[in-house]
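Chain lettering (A, B, C and D) follows the sequence in which the chains are written, and residue indices restart at 1 in each chain.
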Amino acid sequence: MIRIFVTGGTFDKDYDELSGSLVFKDTHLPEMLRLGRSRVEVSIRTLMMIDSLEMTAADRLLIVEQCRHAVESRIIITHGTDTMIETAGVLATALGPESRKTIVLTGAMVPYAFGSSDGLFNLGSALSFVQILPPGAYVAMNGRYFLWDRVRKNRETGVFEAFVPSS
Amino acid sequence: MIRIFVTGGTFDKDYDELSGSLVFKDTHLPEMLRLGRSRVEVSIRTLMMIDSLEMTAADRLLIVEQCRHAVESRIIITHGTDTMIETAGVLATALGPESRKTIVLTGAMVPYAFGSSDGLFNLGSALSFVQILPPGAYVAMNGRYFLWDRVRKNRETGVFEAFVPSS
Amino acid sequence: MIRIFVTGGTFDKDYDELSGSLVFKDTHLPEMLRLGRSRVEVSIRTLMMIDSLEMTAADRLLIVEQCRHAVESRIIITHGTDTMIETAGVLATALGPESRKTIVLTGAMVPYAFGSSDGLFNLGSALSFVQILPPGAYVAMNGRYFLWDRVRKNRETGVFEAFVPSS
Amino acid sequence: MIRIFVTGGTFDKDYDELSGSLVFKDTHLPEMLRLGRSRVEVSIRTLMMIDSLEMTAADRLLIVEQCRHAVESRIIITHGTDTMIETAGVLATALGPESRKTIVLTGAMVPYAFGSSDGLFNLGSALSFVQILPPGAYVAMNGRYFLWDRVRKNRETGVFEAFVPSS
């Protein structure tokens, strides 16, 4: 059984036709898993529906607590891409090196509701990585996975890249 | 670098508007990787474009030879779902237990060109599994992976299921 | 109030993922009208769900009778493109020049369920033409309308073209 | 030959994946006409790419001048829905009752780039209405057409409704 925590992000943004703006309604996760004919047992819980630029320390604390107390040892978190790496770092630090949990954060560059979204690809990817990666906090984007402290988002291209921290 | 061999299957079926039937044109693989914003280095080669029910022993021999001689140790094969398991078995037997290659076969229940396709999800999944699974011949469908001799396709539901062979 | 008769055709073909073939399930008409935010009052009735190459004289008689007895004077018929013109001719002949009914036949070159379908465009077009064309039997395809005896389908391009019958 | 003037609006909004916001890039009109297999002869010109709430008197003057000097007597204007009726009124007043031009304004409630857009339906509808309506300035939305002074947009439902001005 895999736990999926939904926090919002581009992944789940919808177009509101009355206001003409992007908003959060319900998560698209169940619909996406149905489209992918996924038969992986998952339990989905929406923790928040926010843009990750607006995520506060209190929000991250809530995510940490949910991961800490989850009975599942394999967890996916859907998250806005702007601060996905920061949240992964908070999780890794809070849960510590002795944690037995494999946590994979993923998101999308384009909302799932748009025809050109990378969301379904990323969900298939994250769901696969989380099943076999060893414990740790990871980011899964662009078909790749990265440990939380070995990745950065290139703001000019929107691509997640491997990053070797200087000692 | 990951090698992708295209063999056709539902994945790549297109609708021909003059004949009103399903046909094979070019593979959708490059377009799908672009949509998924994949940054995994891949090398794509189309070996054939056929329905897997029409795949012959000679076709499978060609696939075996291509996998044997590929310089890449990680290989994805897109394949019709009807005989995907059979081809995985032929590969495992031909390459033998000493093979250092991780080969993941995937496909789709609905053509990518249809709005309701599972193809993009499956591609994200196969591309992720192939990066970390140990050597062997696998099937990646429904968000899961299976060793070639531990899976069967349920013909009534279209779902790939774990299968324990009787001794 | 506009009457819509559904007879099948490419318009409503679906992909059956177990058999891997194109089949008819339910019509997509209501879903398409919802997507188009249509507020035209319509009454939809499915007369048959068949490929128009398989339409028999008895089927056309049924369509004629339904049009004859409809209380609405404006009628859309969704129909396979292969014999759409033939059915329009049967209707025009059977109802006669004194008919007060505007009947517009439309269809699609690619099933609505495919991403690349012309169905939604054609439905918007037919629904508009039927509201203002004078009585007669018409074909609405490729953004244009044609009287039933002034059109032919170009089998090589799939395009409906104006046609002047030789005297 | 039909002239199409593009002015922007929801119709042509795109998602910018770096900024995470809705922006205007190129118009989708040619792609939409191709998808609809349209064979109506059209000439497309982009006049501006703006949200109709930001359309100024100078912008409307430009639209009027373009319509006045167009050699085509049948014109479609793609336009944001918020001030579409206002622009139609400016056109009707400026061109006067003696104008021989049929002008149809249309738009979309949801961007074409979104899966759930009404854009293709509306384009098929406007292109059909413009071919047969008598001279005048019209709005084509929700599958219907309205003379510019007989319509209002219901802000709560997003639907264009018939409106009888009090004398």
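What we mean here is this: contacts are C-beta pairs under 8 Å (C-beta built on N, C-alpha and C of every residue); 3 or more make two chains touch, one makes a residue touch a chain.
Since we're looking at a predicted model, the values are computed, not measured.
Greatest Cα centroid separation from chain A: this falls to C. If you average the CA atoms of chain A and of chain C, the two centres end up 46 Å from each other. Rounded to a whole number, the gap between the C-alpha centres of chain A and chain D is 39 angstrom.
Between chain A and chain B, the centres computed from C-alpha atoms are 27 Å apart. The set of chain B residues touching two or more other chains comprises 109, 115-116, 158. Taken as a contact graph, with one node per protein chain and an edge wherever two chains touch, the assembly forms a single closed ring in which every chain touches exactly two others. The set of touching chain pairs reads A-B, A-D, B-C, C-D, using the touch definition from the header. Within the complex, the chain D residues that touch chain A are 10, 15, 17-18, 20-22, 51, 82, 109-111, 113-116, 155-156, 158.
If you check the complex, the residues on chain B that touch chain A are 32-33, 35-40, 109, 116-118, 120-129, 131-133, 140-145, 158-161.
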